[in-house]
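One chain, chain A, links the two complexes that follow: it is found with chain B in the first and with chain C in the second.
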Partner chain A sequence: MILPRFDVLVPNSVDEAFAMLSRYAEKGIRILAGGTDLLVDLRRPIIPAAIPSCEGCARHKSGSIRSTVDCGWWESDSSRESDRALLTKVQDSIHKYPEYIISLHKLKELRGIAVNEKVNLRVGAMTTITDIERSGIIREKWTALAEGADSLGSPLVRNRGTIGGNIANARPAADTFIPSVALGGVLDIHSEKGSRKVPVDSFASAPGETVMEKGEMITGIEYPAPPEFSGSAYYKLANRKALEICNVGVAVWIALEKPGGPVTDIRVALGAVGPTPILAESVKEVLVGKKPEDANIKKAAKAAREDATPIDDHRGSAWYRSMMVELVTDRMIRLAVERVGGKV
Partner chain B sequence: MVREDLGLTGSKKGCGIGDCGACTMLVNGVATFSCMMLAIQADGCVVETVESLAENGKLNKLQQSFVDLGAIQCGYCTPGMLMTATELLRRNPHPSEKEIRLALSGNLCRCTGYQKIVDAIKAVAGE
Partner chain C sequence: MSKNNSYKILNTRLPRVDAIDKVTGKAIYTDDMSFPGMLYGAILHSPLAHARILNIDTSRAERLPGVKAVVTYKEAGTQPYGVSPARYDETIFCHDKVRYIGDEIAAVAAVDKDTALEAVSFIKVDFEELPVLLDGRHAMDEGQPQLHDMYKNNICARVNWNFGDIEKGRKESHIIRTDHITSKMQDAAFMEPQSVVAEVDSHGNLTMWSSTQAPHYIQRTLAMALNMPLHKVRVIKPAVGGGFGPKASCSTVELATCLLALKTGKPVKTTLDREQVFLHSRARHQFFHTMTTGVKKDGTLSFLEHHCILDGGAYASFGIATVYYAGSLLGGPYRLKNMKYDGYRVVTNKPACGAQRGHGAVIARAAFEVQLDRIAEELGMDPIELRLKNVMEAGETTCNELFVSSFGMKEALEAVRDSAAWKKKRSLAGKTRGTGKGIGAACGFFVSGAGYPIYRSKTYHCTVVTKVDEVGGGVTVSSGAADIGQGSDTVLAMITAEELGLPLDDVRVVSGDSNLSVDLGAYSSRTTLMTGHACKDAARDIKRQILEVIGGKLNIPPEKLDLKDGRVVGIDKDIDFSALREEYLQEHKGFMDLPEGPQLTFREASRIAFLEIGSVVGTGSYRPPKLGGSFKGATVGTSPAFGCSAQVAEVSVDLETGEVTVDNITGAHDCGFAINRTQVEGQMQGSMMMGMGEALMEQIIYNDKGRIMNANLAEYKIPTSLDVPHLDAIIVESNEPHGPYGAKEVGEGAIMPVIPSILNAIYDATGVRIDELPVTPERIIEALKKKRENK
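Here is the complex of A and B:
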């Protein structure tokens, strides 16, 4: 395996991990969980956090350059002082890897699935995707999360990959991130200085970028207890059944007054149709207080489509994705309603 | 480390980024792509490679079944396939065809078209 040079730190307790994270924060330190994202990124010459954002140019909006291959604009006009300064900054960082990697594999306390007396679910950051997939209680009560786990990568990826890594990596198509938004997940983020709680829906700010600060680490995620007559569903629309990143991913959580009765609350999360997973707020306005009937569900799915901001890329066009958001949202709302015991 | 320092060249390196499964080993009994694991992460774990499967110098049942049913062409994917199948059969001695295919979905084979590999595993699973 050809990897850049770095030192690996192996803490034996979470407190030791927090201390290491703050001690080496300025030198460049990255957390290693399952490594299924990080070790791939390290092998490429660039790791996103080390790249400075650009100020924008004629071809790109500000902050859009993630690597030197993204934009060759300086070749055409390298006379501008600010351009040259940016070029140096970008080039300097090409081979800038973290000096330290902190591997969490010994921290058993970060791995596990627990349900407390209030029936809230807590999943430790180092819990593998396979653990989630095989958990009966998650499949029964937080179904969308189990379905997200089912669809992630391949069995080998699921055996290594963790939910903490999937969420921290902050990709718009991350298969446990999207359901976690719909299910109202809240992250426990700790550092040497203390701890805070961040709802999953406000955690990511851009692809690969989050509200996490230097020295911080996710220790777990908590999901609220599902009320009576609530249900959820996740569907990943992709070209293949395994080893695939989604074109569009939709997770729906819905609560009804009674089976077939009016909607009391709904959360729809959309993946791969924006820079981060999106909570489609306008669906709430359309559906809350209404019966989950054909016409209302169709309106809600249209509202979700309005909230999506897809782009064209090699996996699909913005036009296709936009249509699919509507279709998949429609189906997932129906499925979630059926799971509560209603018929649509 | 496993191939060059320990000389166990059974496990293959294919993609190096978790896509192909050619490098699969069992770590504490769990099928793991070794290309995405640092040696230090295996500290204190039981690691099984394809070399551990043969019993008393003879191919075990699963390996023999791969040979008998023609589940090997170039053989590059075979060590990984065998390790993934070994984990599956330990966890679930009588898997259905669907379960076999699902378990193998992270192991790529460019030669056999998978059917014979599935057949070989089924034969051992007593279906």
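Here is the complex of A and C:
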């Protein structure tokens, strides 16, 4: 197959999962939720240069990392500086192409949508994107998250893909990550040793990199109850109407004193315009305490643009993305305000 | 529109013969096939875009347990091959150089795919890197890296044509405009990646099953490159999930898999990964068009001066035909007396381009139709009026000597104009231009089968053999034609059923096998017209034989008999068939399902014919008459008939984000006569979607090393079902004298007007012209920004 070799572990309980994660942490173990990111990531590219290549490897110049790992030459022969650098690469790839895959599909307790007594929303890590899309309560009160789910992939992908996977994968354009930042989501991260809570907005550090340690796993995500007169919206700007990675994604959550009244709080999350989804902090400074009026919203949208750090890549140019951040932020603030019952 | 004739089967909407098998998953595609002891193939691709090969070391790969063969140029030889004999520039594997990222260096056969892939990664190749050439526009410049010794200045093919008198045309012109359009390389994005199974029997016969469009050409190339007699090579095409052109030429995966089978004596299967489909490519070229067109005051076209560079990637493939088509098919559908064309097809260090739906002519057509729109605006004339003023009619010949024997161009234009309420919507144009809603029109013109085969030969283009069941009842149509999803098996079945008065279920079609007949394959929109002719002749041959036997037995002239509704009937009086019935019944004692009624069934008649004369076999062969002029390259663009089409597109554009929504497409296509109405509409609708993708989304993106950045269907964008607008497909039937029953093409011609009609609509909606395809939101915003800044 085009996939590397690995063994699959299927825990029957969350505790068993934690134990497996810690036991195999050093050998390389990766979590399988829906697999819609993981399997794509594991797939062996035809042109090997796309993975850290073992140029400099004494035994063979071309070849997959897995075969480099399997041949084991580096264990005996890693004294030189250049070989040590290569060893790090190989070790990284052990993590990328692990010996074990642990599938969470039997852990029913990780799947589900619940609203607790404090009216906070809790979504289990294994909840599918389709589950979220179909949830009436999410659409009503955490609208931006429902809109993120709507815009993700296609029905097939949404049926398999999970929110835990979307967030753990830590891509700057992840369609439930971006609204989760705006909605103030907090992740429950567990391991054999215990648990901790990490706000979504400080979870990712670089594309694909997060604050998660070896042996840890996300069990769920909690969103604070929306206060009265608050609302949210998400828009994904892309070239086609489905199966898209956004060019720019903007989620806005806004709270007003009363419909049309001054802004008490706002969180704007920007996607695909930085290494991770970004919380546009300066918007808060511009808009809190002010009325959601045309001129103020325009200023806020400009501030969001300042916070964005888009780059040129094969999906689009920095100048266009920068311009669109301002535009889409402007539109989403207005939409969120309208949803609270205001008019701009 | 519904049918208006006396046909029972033709011109209806009968379901395709392969429909149920395909939707239930029963149809067998190449990758579904498996043989005992079968090995799996894998290919080593070049990781560099341009490099000299210094050494290839396969020893470690050979030592891997499970590996049965490793082949490189040392085993394959360096016999050059290609598509056009004048440009044989490929060898099975690279030997001196690699010329693009993906170029094939070696192949492995092993007991499973895993092992084969592993072994490929163990092949060690030493390269000396060479400077890389990626920009086709500058490929001919001094000092650029040279790809092939045989292509000086990287020019693979050039065309310099001059028809009529350009200077005279220039003098007569009231308006002269020069415009440019550039496009990007594209992928055909067919659903089924190429897959091949090859096997050699104990007599040395090589059989290859392949996801191909052209078993005959592939058979020839295999025999030539593998140095085998043609009759020892058999190519079979199982069900195919789309081709659109790239599967019309022989590929390395086909050659390599056959070589591995020959070497190991075992069946070998190789199926490409999607990334490899992109690497192999052979899809749409990149075009850089510059057109200068002149018109008289009244809108009459006076001349076209056309310059084009085609970036064709590393090898010629179909590229010579492409560069000719890019010029020749602008000869129609308008009266154009003076046309100059300078086309250059260059090579660069990118995957090779070849034929893709609307071969060579699609971007040229887009450029010209957009220019006509701009001219109409300068003239203050309605763009459809301008086109109507210039369209050709049946019986005319273009300046490059293409004769159009039927031509519903005017009807098609009027049909879309009226059906899309053009006049009403367009009358607002002055007021709505640039407000985000737009409407645009365009026409198209295409061959109905290439007039000449790709290799120089007198060969028949296709033959059909139809045999009557010797037990009586049905017939089997055998043909080399390639049904790649376009529905040619259904066309052959319908023609045969119509001729023999049979229900469709009693006609079996076996096809796509080089052992069955010569058929040039599914390209240039040729099968319905050409194989249709042969099929019709074969059926009539059978009918004649059966009616001669029956007539002979009953002492009735065969002309007084006919086959209808599964029975033999007398044309002007009822006939007493009881003696023949008795003969049939005598043979079938104990059977319960016996014929009854006053007329003789086809089942009886066909059995009785067999009893009398033995096998009843009908044959048909077709090749076009001599076509076209005598200038250099005159053969490309010739065809026994030409299809034409018109289209109106309506779009909405978000002027702040640049997002485009295509709201409606109304298309009309002259297919001569619709053998199956639903299939004609299907080809039109498919063309509309495909063209829409090319206009708005599709582009292969390379980095500065020549590596494809979007070699997958997540990042190479084609329209999803949510992007597809309301599509209205109008069939125009002009009754083509050279087509069977009046039929001609729809498969490729229907894509011609799609891109320009959308581009013209986007202009109407935005007030800006974008001369770089695809028209992405970003490009629209860029153009709007420029326009504002220039004000």
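The definition used in the following text is that the second predicted complex is superposed on the first by the 290 of 344 C-alpha atoms of A that agree within 3 Å, B and C clash if a C-alpha of one lies under 4 Å from a C-alpha of the other, contacts with A are read in each partner's own complex, and residues count from 1 in each chain.
In this section, a contact is a pair of C-beta atoms (placed from the backbone, for glycine too) under 8 Å apart; a residue touches a chain by one contact, two chains touch by 3 or more.
Nothing here was measured: the structure is a model prediction, and the numbers come from that model.
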{"item": "Residue contacts with chain A in the superposition, chain B compared against chain C", "value": "C"}
{"item": "Chain B versus chain C as contact partner of A:154, first or second or both or neither", "value": "both"}
{"item": "First (chain B), second (chain C), both or neither touched by A:324", "value": "second"}
{"item": "Partner chain(s) touched by A:119 [first = chain B, second = chain C, both, neither]", "value": "neither"}
{"item": "Which superposed partner A:316 touches (first chain B, second chain C, both, neither)", "value": "second"}
{"item": "Partner chain(s) touched by A:239 [first = chain B, second = chain C, both, neither]", "value": "second"}
{"item": "Interface residues of chain A shared between complexes with chain B and chain C", "value": "1, 154, 241-243"}
{"item": "Chain A - residues contacting chain B, complex", "value": "1, 8, 10, 32, 34-36, 39-40, 43, 103, 105, 130, 153-157, 159-160, 241-243"}
{"item": "Of all residues in chain C, those that touch chain A in their complex", "value": "45, 47, 60, 101-102, 113-114, 117-118, 121-126, 273, 275-276, 279, 656-657, 659, 696-697, 701, 703, 707, 709-710, 714-715, 717, 719-723, 776-778, 781-782"}
{"item": "Chain A-facing residues of chain B, complex", "value": "16-19, 21, 24, 30-33, 35-38, 40-41, 43, 84, 102-103, 105-107"}
{"item": "Interfacial residue positions of chain A with respect to chain C in the complex", "value": "1-2, 5, 44-49, 60-64, 67, 154, 237, 239-245, 247, 314-317, 320, 323-324, 327-328"}
